[in-house]
């Protein structure tokens, strides 16, 4: 069966602050610059999920877009949209960088599509010029 | 010789309806939702072809953009732009999903570039938030 | 009080066919070209509403975005998204051009915001290169 | 002399919270919804300035882009980029809505171009679907 | 009859150099900065024409898009696309600023639509952050 | 450690001419068409760098965005922005095609990130419809 990738974009607006408690104020500023500003800043994030799977011979589809949308809404958008990421328990001991946000999204959505389709990649745009991708790989 | 990927985007506007004749009305609606509406709906599709090949040592190019454009115009755009996809013979027994549209475009364009360049991937954006990719792979 | 314009974009995907019953087949083709193809074609339309009004001195807002979204959903998106425009009664005797779609949207949404805010303009993008605006003006 | 409008876009990322101290918690939530979440959220704002003026007969320009950029950097971007808008003194008693942010930007930049050119309009995109314009008009 | 604005975007890629022969090298650099570099630089220009007119009661259209496209192709795109603007006779004694390019396009296209429709405005994007508009007005 | 890809976009505007000295005028035109116009044309190029690396366990980052930006500014943007590519020594004997521009950017930036992160890919958009990628591979 032919293998197709399907990608879908979702949007959410959140605030965050890059900060490591174990570092001094100076070290934090040296590491994160203005992204360490105490009261935080924010972004219009774009989350793009890529699903890989065989095209169903009858329906012509790789994944059910409606159930995917519901799961992303429940697990990610309701949780992070119009919120401060740093206040979420998952970022209690984890810098709320977009690299880490990709990893968090991957864990929340890893099983979001049903076999034989699989989640291939999570991509998050932080601004129109910055983006990050995570595909569940470790080195 | 250095290997470069070249991608080019083309635009067409078509209508379609997601529908399987072998399913009942209820089953079709359960599978495709409003995309099963009898008289169809439509999209501004973006077709992006990616070609992979060595950079020609004299001309500095991977592929001839003019002949590529002509072939895409003749084989794909003239055929599908401002048309109803479901009326095309290729979709007589095939759901006109964008997954299948990618496969159809791949078959029509597989030999569109001359060796040593090869067609690497067909990508189609259905909306600004939905896209699909096919690279000729079977599982 | 300061006057601010607020614009909000909504998305829907529909099919249509440009056709005048009173014209012959040849006249229709001469007028509309391939946009007259019998089974139609389609677009990802973007509807942008512009509201003009004074900034509320306490809330700092010109209009209530939530009630606006609900009205647009009920009056326009539910009605036209994933549908064939030509099948809608409003286009029974009216060419489903985007010029006319702007006029239809204006009539459906003219009273959508509450005084002192007013609907200033309806703008519809048919493709990324074509757009139309209507502001309720007659000549 | 011919009159031309020149528009230039600038980008900044900030957090904010829509909240009126004089309202109760319930009233704030009824007015602003999730945009009232205590720890705030954020956006990638796009500030677009439009300048109107005669084309200089020798240089062919309406305004000096370099001095404009410096002024916007000093007066707006350095102040708000990667910051929490609510912490800025200008928003101490003013809701940090994008309507009000337009008014603040107008006041900070009103004299930014030298005669005979004038600032015509301030436009701020809050998200890719929401934008606001202020042209210094009162009703 | 209802009045609608129709806007259409066209694309061309040209090079240019901002330079005034009557100024010294130092004066040119002080005025135009790196845009005065002797061998020039270039842009992907976007030309957006806005036409205003009554909606034709039978065809539902404001202007004939096909004849408009042909005129823009013949008068503007064939002339400037993939060319150096400074080599065109119209810029022999005129700085090839985008302000002036708007004025040139206006003169070339002023009569491009047939009455009762009229050309309302020429807008040119020089980059994704810079744009210019000319509507035939003098002060 | 989790492996994340980070991509960052940079913008520059340059002119160029596709031309091979060893070919006749006719051969050059047959190969490059209007892109061979003697005085050249230009583009708003977008350079997108993709860096691959492990997420630092403390800072949550893959690469230092500030030092990356400085290096790209010094090595690429200052050199090519608002310039004619053909006048740069690197294109003295090399066609200034975007394929070759990708290779040049790769060589200039190959060591731009510090281990364990690596430069994964250089991608350049020549226009909104054309893009090229180079990942340092030879065939």
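Order of writing sets the labels: A, B, C, D, E and F. Residues in every chain begin at 1.
Following the convention adopted for this analysis, a residue touches a chain if its C-beta (ideal position, glycine included) is under 8 Å from a C-beta of that chain, and two chains touch if they have at least 3 such contacts.
These numbers were taken from a predicted model, which means no experiment stands behind them.
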Equivalent interface to B-C, taken from E-F, D-E or A-B so that over half of the residue contact pairs match
E-F
Please compute the C-alpha centroid of chain A, do the same for chain F, then give the distance between them in whole Å.
28
Between chain B and chain E, tell me the centre distance in angstrom, where each centre is the average of that chain's C-alpha atoms.
34
So the centre of each chain is just the mean of its C-alpha atoms; given that, what is the distance between chain B and chain D in Å?
42
Residue numbers of chain D (touch at least two other chains):
33, 128
Quick one: do these chains touch in a line, a ring, a star, all-to-all (complete), or other?
other
Chain E residues touching chain C in their complex are 1-10, 54-55, 58-62, 65-66, 116
So in the complex, the part of chain F that touches chain B is made up of which residues?
18, 20, 22-23, 31-33, 94-97, 99-100, 102-103, 128-135, 137-139
Of all residues in chain E, those that touch chain F in their complex:
11, 13-16, 34-35, 37, 39-44, 81-84, 86-87, 127-128
